[in-house]
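Structure below; questions to follow.
Read from first to last, the chains carry the letters A, B, C and D; within each, the first residue is number 1.
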Amino acid sequence: MKRLRYAMVGGSKGSFIGPVHRMAIRMDNLADLVAGAFSRDPKKNAETAGELGLSAEHVHPDWASLLAAEKDNIDFLAVCTPNDSHYEIAKAALEAGLDVMCEKPLSMTVAEAEELGRLARRKRRILGIPFSYSGMPMVKFARELVAQGEIGKVCKIVLEYNQGSFRKIDLTKPLDVRNAWKMDPRRSGPSCAVADIGVHAFHMLEYVTGLEVKEVLADLSSFAPGNRLEDDASILLRFKGGAKALLNVSKVATGEENGLRLRVYGEKASLHWNQEENDYLVLKSPFEPHRTYSRKAPYMKTASASFARTSRIPAGHHEGFMEAFANIYDEFCAAVQTRTPRDFPGAHEGVRTMRFVEAVLTSHTAGGVWTKI
Amino acid sequence: MKRLRYAMVGGSKGSFIGPVHRMAIRMDNLADLVAGAFSRDPKKNAETAGELGLSAEHVHPDWASLLAAEKDNIDFLAVCTPNDSHYEIAKAALEAGLDVMCEKPLSMTVAEAEELGRLARRKRRILGIPFSYSGMPMVKFARELVAQGEIGKVCKIVLEYNQGSFRKIDLTKPLDVRNAWKMDPRRSGPSCAVADIGVHAFHMLEYVTGLEVKEVLADLSSFAPGNRLEDDASILLRFKGGAKALLNVSKVATGEENGLRLRVYGEKASLHWNQEENDYLVLKSPFEPHRTYSRKAPYMKTASASFARTSRIPAGHHEGFMEAFANIYDEFCAAVQTRTPRDFPGAHEGVRTMRFVEAVLTSHTAGGVWTKI
Amino acid sequence: MKRLRYAMVGGSKGSFIGPVHRMAIRMDNLADLVAGAFSRDPKKNAETAGELGLSAEHVHPDWASLLAAEKDNIDFLAVCTPNDSHYEIAKAALEAGLDVMCEKPLSMTVAEAEELGRLARRKRRILGIPFSYSGMPMVKFARELVAQGEIGKVCKIVLEYNQGSFRKIDLTKPLDVRNAWKMDPRRSGPSCAVADIGVHAFHMLEYVTGLEVKEVLADLSSFAPGNRLEDDASILLRFKGGAKALLNVSKVATGEENGLRLRVYGEKASLHWNQEENDYLVLKSPFEPHRTYSRKAPYMKTASASFARTSRIPAGHHEGFMEAFANIYDEFCAAVQTRTPRDFPGAHEGVRTMRFVEAVLTSHTAGGVWTKI
Amino acid sequence: MKRLRYAMVGGSKGSFIGPVHRMAIRMDNLADLVAGAFSRDPKKNAETAGELGLSAEHVHPDWASLLAAEKDNIDFLAVCTPNDSHYEIAKAALEAGLDVMCEKPLSMTVAEAEELGRLARRKRRILGIPFSYSGMPMVKFARELVAQGEIGKVCKIVLEYNQGSFRKIDLTKPLDVRNAWKMDPRRSGPSCAVADIGVHAFHMLEYVTGLEVKEVLADLSSFAPGNRLEDDASILLRFKGGAKALLNVSKVATGEENGLRLRVYGEKASLHWNQEENDYLVLKSPFEPHRTYSRKAPYMKTASASFARTSRIPAGHHEGFMEAFANIYDEFCAAVQTRTPRDFPGAHEGVRTMRFVEAVLTSHTAGGVWTKI
């Protein structure tokens, strides 16, 4: 099979997510980076390219130039810019006939997300969104257990994504620029915490349970000084079929690191997963000792082929965030090569998560009312 | 100081909470049980009395006979019956001039709770309610840390009380009678999960933060087959002063045992406490390693005298639910003897928790609207 | 059945273990304290008696007076003095026809322990030793699982009892007197850490595995300033039948609280128990998810009657050190009343643990050689 | 700086450690794989090369051919074969003027290891050994805390490396061939568990404490059916300066995955690290709440530059075994490029660990006697 080639927009050195994309792709030897427009700052752009071994002719000042010059030279484009440019870049790339991996949130509005979805379908292009936590093996395994009926009908989900990142911001330090733009409505869009991390949680809800959220009710807050967007959200959710969920999303959960925690309560048992101990999944039933499943333990052989591909090394040797990201790219790159559906989040998930963001904002603005999604 | 004497209503052998009251009182050698009306079933009543070494003349067929015969023989009455009789028994005992420790919920309605509060004040009698988890040393310590400003202004609280007890009910077995009456509106009142365990959580919210809840919004569910009352509640709360909380209360959290977990996020740090690891309290700040406080460790000496009284044995030797219950009784009995205020939940907390129950029911019935408390 | 009466020697207020004995006995309403010789300090003696509600005529200046005056008034004697008087008090009490619960270590030498064992048998008296951790329900359950073959033939045990208590001693403070005598060969005997806590570990080894230790090899150290006895021991053990163990015992494990941890590796699975999370037992097998058993969870019904008696309250409501101690006394008191064997440590265990202490000292003195036990 | 080129011997597809080396090198974009002799099985060799995108001319039937053909084409050689060929391959590569990363154990005997060390010095070549756990950030941080005196003088270390891998072997399955050769003295050498995983533990002991082991005493066992080498070792150690350690090494710790756990007890505090939660380090002191340090949390900024390089992504996003391996290679490759000493295990550590293996075997054979190392 032909070796894949890709270019990146955004993601200069010092940023968080750009290097993660590159590392994930390299780890599993999936594709070669052949061009980039990493920063609008020419010096930063050049330095990043230099570190990555790109020759000057493949370093471009902006995404438009990059697309113009490289569209026939690459198989896909990785979009790692702030939220406000996702839509226009992804749109241009799809129109140029490229497959695209675009950072979340997919767009600023539902309408934009829907347009990208339609465009991808029309052009038969692949649009991926790295909801990275759904690449974690034990999240996939949770989805399997639910689908197999192991915990019975799902009744209640308690989910939280608690970060304290806005409690440690020191705007005098360059590193904090990573966070500062998220508080700026022009760069971030109408939502901060919900668009930034709430979408991960929402995607996980539907991915693991296989259920569809019907309506939401939200209470939003801005606790961080100077933040004009919400940095904390308490959200109630109702699914088609009667299940319910409670979701806490916060960027001011002081002292928390990356506290994404999922509990799914079914009629027969419940599942408990904590991103900070991502290689384990706990099943609790009143009728037997709690079970702790461990990634790639010998008894995990029965899981699906899709799950098996996600593990590189034996149980007890931790895999983490990078491997999860690589798992998303593994599936995406396989789809790019084979043009067949694979297990990674795409346009549908991009639209669903944007609808979630809008419904949350609408519910809150109306004073906390149930809002269809 | 004169040794205290008490009688008990309800709490026959085989019940959960009656034996707990008696063990707690004995553990710290606080009072002598001198009379009882443990069950309306004469055989059960006699057997319980026999095991406890009471002579027949002090075993009564019902609470009215007990009060008539023993009111001058006892210092206080412990009420361990189902919810529907709390009000009338407590009222009669207060009117008879007795101090009362009454199980939660204090009554079926706010009006009844308020009446009991007024009655206790008028008669200068002491009314205690064993919100037992607030007797746990590390809960008291959390309250101290908040009061001392150690975590800064409180912004958000995430609290949950998840039990799976209704998922293991087998009504063909006698033991499950313990749970079955809680599903019966005549015995349990208009609320099941919220009145049964939600009140513990609500009390903890106000006790630890020192803040007052202003309004609530609730979404209730009945997931357990045959349950006509709610067994699951998703609740949003707003405090005076701007703090907010998210509360999950469930008796159908399959596989959970007694999952009462509290997280309090302040501007400077957060506190994390889990009832199932009750001897520890974690403080998380972005600016230093997470701290795990351990009950009665050498560095805990700086805590208040009230806290110091709650610990019997050194750190590393677990104290649990029984000691917490005894801590409530320690303070209650000290109040009975000294007629001075002490650190235990009383009439005020009884009224607050009943207001909470009513506001939750009102909010849900109205389709999920913010409801004053 | 006749209600039991007991007296106590040692255990004045402020001491650790005396109050524990009394609380444990009261918690389960097992016996009444009717006399005591709590301290050689008359003031402390009187104060302790006062707090316990004993009248002056039943408070004695020393154990000999107590035995002379009370031997026909009591069913058993609880011995809570430092190590150096265990032997003489237990001996006198047995000769006076009393049953005895004597603190560990049973004596200063193997010869003394053996003599007490013979004396108890000849006088048909009951001698109990509160190796309290073997009263913990999940330790008993571990013993059951091993006996039932659930983990296959036992191969290796890794056991540790790590305390940091000697690292926080401040001899200018009264509380630390609790620890100081343990460093004094005249009060403590020829061994400090091994006699003080190593015996708990050794008893647990033989209790849980049902195997007999054949020989030991030890390397002892004195790390705490001024300590003339060992405060740290690295010990290898070999069992009859080929199993082996590794045991670490330390009172200078800085920062540890009461770190008694047991792991038993069998051919099919392993068991993992940690005293600081005493209500849980983990079973690990390569062929299924790790199982976490929880005390008194619904699925624990299959365990033995002996196990069932050890639990008072439902899973999720922590029982701890006090309940474990009460469990030892429950069995001891049942034996006192019924004169039939019950499940508590007695003379045999007292002799075995003293042989262990002597073998460890012999091995170390010889430079680290395998020594029969 | 010139981009590095390397070749690999051993490590065909399906093996454990070869792919790990390659992933680690790719993750951080350190070097390009340009040649290989992955397996003596020509089919496997070719398939591996194919998957890695190597052209046929750079795939060699054995290490000798590879060295002959590629020595001027590569900067270093990665040796991923079974133990019995490490010495001869490393020797030939060093003599050919190459830097070498050689899997542990470095050789079959101390004499061979010493010879390789001398050879590397004489040829001014770099010899690295991937004791991967010392590449974990929190292990490096532990080393820093000890060196800074944060825990005071080190007294006692409790270390264990417990795997259950030999308890799940099913020799009818191809995967288990990974483990089977370790039981064969011809391939594995005179030691199994100690040479395979004990060396990791020993290296960690000296690396973290900065102390030198003086003598050891060992008790070895062969519990796995058919194993002619030891699969379980109980080891006592004494350091220069008076510190002591207890080490358990086992491949028959049924149900364990990769249980490498370190505890270092100093005069002021202790450090606790568990490989299966590798991103955290706990410091326990009696005088303050236990501290949990988290990799790359904001307060970790004070750590050394060497530590800082080991982290890629923020705290809360797990890094694991692959990143640790990459950290070893980062330092090794920097040394290869700069010819200056860096922080990775090399010839000295190779010799020390082989001396440890030999001393353990000698001690055991002599019946358990203290043996100089």
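Points worth noting:
What we mean here is this: a residue touches a chain if its C-beta (ideal position, glycine included) is under 8 Å from a C-beta of that chain, and two chains touch if they have at least 3 such contacts.
Just so we're clear, the structure is a prediction, and the values are computed from it rather than from any experiment.
By number of C-beta pairs in contact, A-B leads over the other of B-C and A-B. Taking each chain's centre as the mean of its CA atoms, B is the chain most distant from subunit D.
Mean C-alpha positions place subunit B and subunit C at a centre distance of 34 Å.
Spacing of subunit A relative to subunit B, judged by their CA centroids, is 42 angstrom. The set of subunit B residues that touch two or more partner chains comprises 168, 256, 283, 286-287, 290, 294, 297-298. Interface of subunit A with subunit B (complex): residues 151-152, 155-156, 158, 160, 162, 164, 167-168, 217, 219, 221, 223, 232, 234, 236, 238, 244-246, 248, 250, 252-256, 263, 265-270, 283-287, 290, 367-370. For subunit B in complex with subunit D, the touching residues are 283, 286-294, 297-299. If you check the complex, the residues on subunit C that touch subunit B are 3, 16, 19-20, 22-23, 26-29, 52-53, 163, 168, 256-259, 275-279, 294, 297-298, 312-323.
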